[in-house]
């Protein structure tokens, strides 16, 4: 049996004084693909932000163990260095900093060493080819003027270069047409090693056709209310969230 | 022997010089001696010492031998033509202050006259370096740049020092009909230096001047760039970055006078302030009556990196012609926390993320500098100042 | 072909000239004797008389301002500082002398009082001639008095607040002038948690030529209260200069909200050199709404001192300068406490050689952590002989702030006119519509009657020069 990568114990978290996570428990094993599904406003994005350590989200209770160590007090960049990666739902635009410059800076911050120029260029080319990204994107300002799909690809490119242990894909399927979604999802699948875990946050099933989850958890009202295998998604599609919520609440 | 900035020194300076130089220095001295030392409200001049007169021999010019280009040391000989051009420019209102402007005219100790002949295309950027070098610590430069009809050229000035120095300069740029002129000024004098710079641009029909100001050094720094858009269809694009660290004070003034129809201007200033540094941005966009279809823009964005900084802005807009488009904007604040979070999620520390955001703000300007080594050295310099 | 816009009012509404009947007036100019006369005639306590004399000293020691509008033609020595109409203050319009009542009727004041106001004060030259407040407000402890009566009825409150900690005679020359020869005006006190739903109004009318009006407005909105105050000003057109140098002092206590609206339409021989300031405590809100149409020259910069945590200020102003007018207006926002916020929206229109100048100060002090401020200025030039200038000063002494300033100036584009004309409007109608749209953000923050008044004034100002 594989060991545990991430364990969340009874976490409560609030945003602007409003409690969003209300005692959430979740375990992700090393190498596992884990999907979190749930209705709008259930706390899915909050969960990602809490794991990543967004200072805007305040953890008021519980532990987040990453490889056995509680990371609640760690800064965002310290978590990134430990191998946690978040693909943002709407990535920030940084005018004035090229994609190349940003990824190089980030890579040397995370790995504590500078990758030789040639090796970096080769690696970038390889990953960009996989993502069907044109080489000129390297010299464009980060995410500036990128379409929704291009922004998502730019996130996956960063993931590919940083090679994290835990990848969180926050609504990676939103704003992507079906072809782009396939390219993105297949790239993630190809990049996935046995040591990499993936946490997929999604509202729909589409992405799960390309990235088959080992575990599906349903998040509602700030707690995980149901856990199952990939068939749970099919069930949800048929019956909707209400029936599950009714079943859990009753 | 110590030479004060007084009449005796003037007498000595003009003893063996031609009538043009005499005229210039004597007229300058008349005003200089009458005007009191200014008392500024926003940037205090207490720490500035008025220097003694000294020779300055460390000026270097590169790429001065190109077809269509005529350059001269202005201290060797002031030509009749040069004096006429200077006088045309000196009629206008410009400069940080009359005291400093006339100090240059009376006591200039270095400078170049650079002239691109009609229809010439000067390919290589002309680089002028004024560095504080040993005893050469007082730079009072008078520069005259004339782009004759339909010529193109780039001139790059670099003021630098490792130790305390004094710089007060005056630069006149005359861009005649159809010419294109690129000016770059880099100021990275040491933390205890004083810097004053008085600049004027005059444009002919369809002439275009692009000015990049990289203002990084000095304890007390005040400069003014005035553009007189006199030629129909002429333009001035003034891009600037500034950085304040420690107890630096920058006072930056931009004046654009739209005089002729269809003139265009853009003033774009980006800055960052750290520690107890201070900055004053003065923007004056003046749409004069008759400047029909003119377009003017002025914007300033300042990143505030510490609680103890001070940032003032006075972006004035004057308009007496209705058929124009004029805008200005100014903003100041901390770096967007969502952007910081995003960068930190990619492994950068908060300081690294801030530095990167400052670079991000400065890069569009640094990218336009004409030499690779210059770009690298400016980026290094900024990185050192922010981290140190 | 030129269509004529039908005007439903004409300018004579503002231009009624009554025979000047007075019970008392001072000599022209300014002297210790005149100041003493005013104080004596008003039967004031000694401290007020001393205050007036001290203010006169300060006035004499201060130089004329050298910035702003040109004041070289303003001759204080030819202005009558105090002129008392031949009537006592009344609480019923029926008792107000007929010609004065007619003037206010033409200005629509008694009518508005019936329909839409909680209380009205009407000042005619130097004295208030009519004052009334609805019973229900008086019962809740709301005080709405003319200033001279307030000085007698509430001497302690007035002594504590009158030009002591808000505006002081030391602030500038015209504040000192005001301190020396103020007369009339309004005192409002709204007790804790009382919400005055319907606005209070003061109307200031100058009738006599060559006089000055120096009314004093003092409003204290106590903790958690709400009140809306409207002031209107007008005067008939004379060949000699009139001077208006009023003073408005507002105290907005914790959690209170005060909306202060002004529609100023002084005649074009008036110098309007007014001082207005609000001190705003924790979570208090001051909103300034300001329409400046009249006067020969104006210098007016309502100031908000945000001294309590979370205090807020909004300034919404429209300035319209036509021939012979130079209107120098703006706002000052002084942030002294954490999480204070301010917002400025200024619209100015200049035509026929008129000059507008937005002059503003935005200051964020070292303790104003988390302050937010935005300033937006727009200038519209109707022709090519006018001027529209913008001069904001921004001073930031804190890093944890979010501030922005934007300004633009331009004219009505031919494309806009063309587009509207393709939809059937005449050129005049199109222009008028665009100007109305331009001032809409201000008009919509005024009560309906005043928004109508604003649009009337714009129509009046635009008429005749267009086409």
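Remarks
Labels for the chains are A, B and C, by order of writing; each one numbers its residues from 1.
Following the convention adopted for this analysis, contacts are C-beta pairs under 8 Å (C-beta built on N, C-alpha and C of every residue); 3 or more make two chains touch, one makes a residue touch a chain.
Labels paired with UniProt names: A = Fe-S cluster assembly ATP-binding protein; B = FeS assembly protein SufD; C = Fe-S cluster assembly protein SufB.
The structure presented is a predicted model; accordingly, all values stated were derived computationally and were not measured.
The set of chains in contact with chain B (FeS assembly protein SufD) as well as chain C is empty. In this assembly, A is the chain whose CA centroid lies farthest from the centroid of chain C.
The distance from the centre of chain B (FeS assembly protein SufD) to the centre of chain C, with each centre set as the mean of the Cα atoms, comes to 44 Å. Mean C-alpha position of chain A lies 57 Å from that of chain C.
Centroids built from CA atoms put chain B (FeS assembly protein SufD) at 48 Å from chain A.
Contact with two or more other chains is made by no residue of chain A.
Listed in rising order, the residues of chain B (FeS assembly protein SufD) touching chain A in the complex are 336-339, 341-350, 352-353, 356-357, 359-364.
Chain A meets chain B (FeS assembly protein SufD) in the complex at residues 52-56, 75-77, 79-81, 85-86, 88, 91-92, 94-97, 102, 105-106, 109-110, 158, 162. Touching chain B (FeS assembly protein SufD) in their complex are the following residues of chain C: 366, 379, 381-411. Chain B (FeS assembly protein SufD) meets chain C in the complex at residues 287, 289, 304-334.
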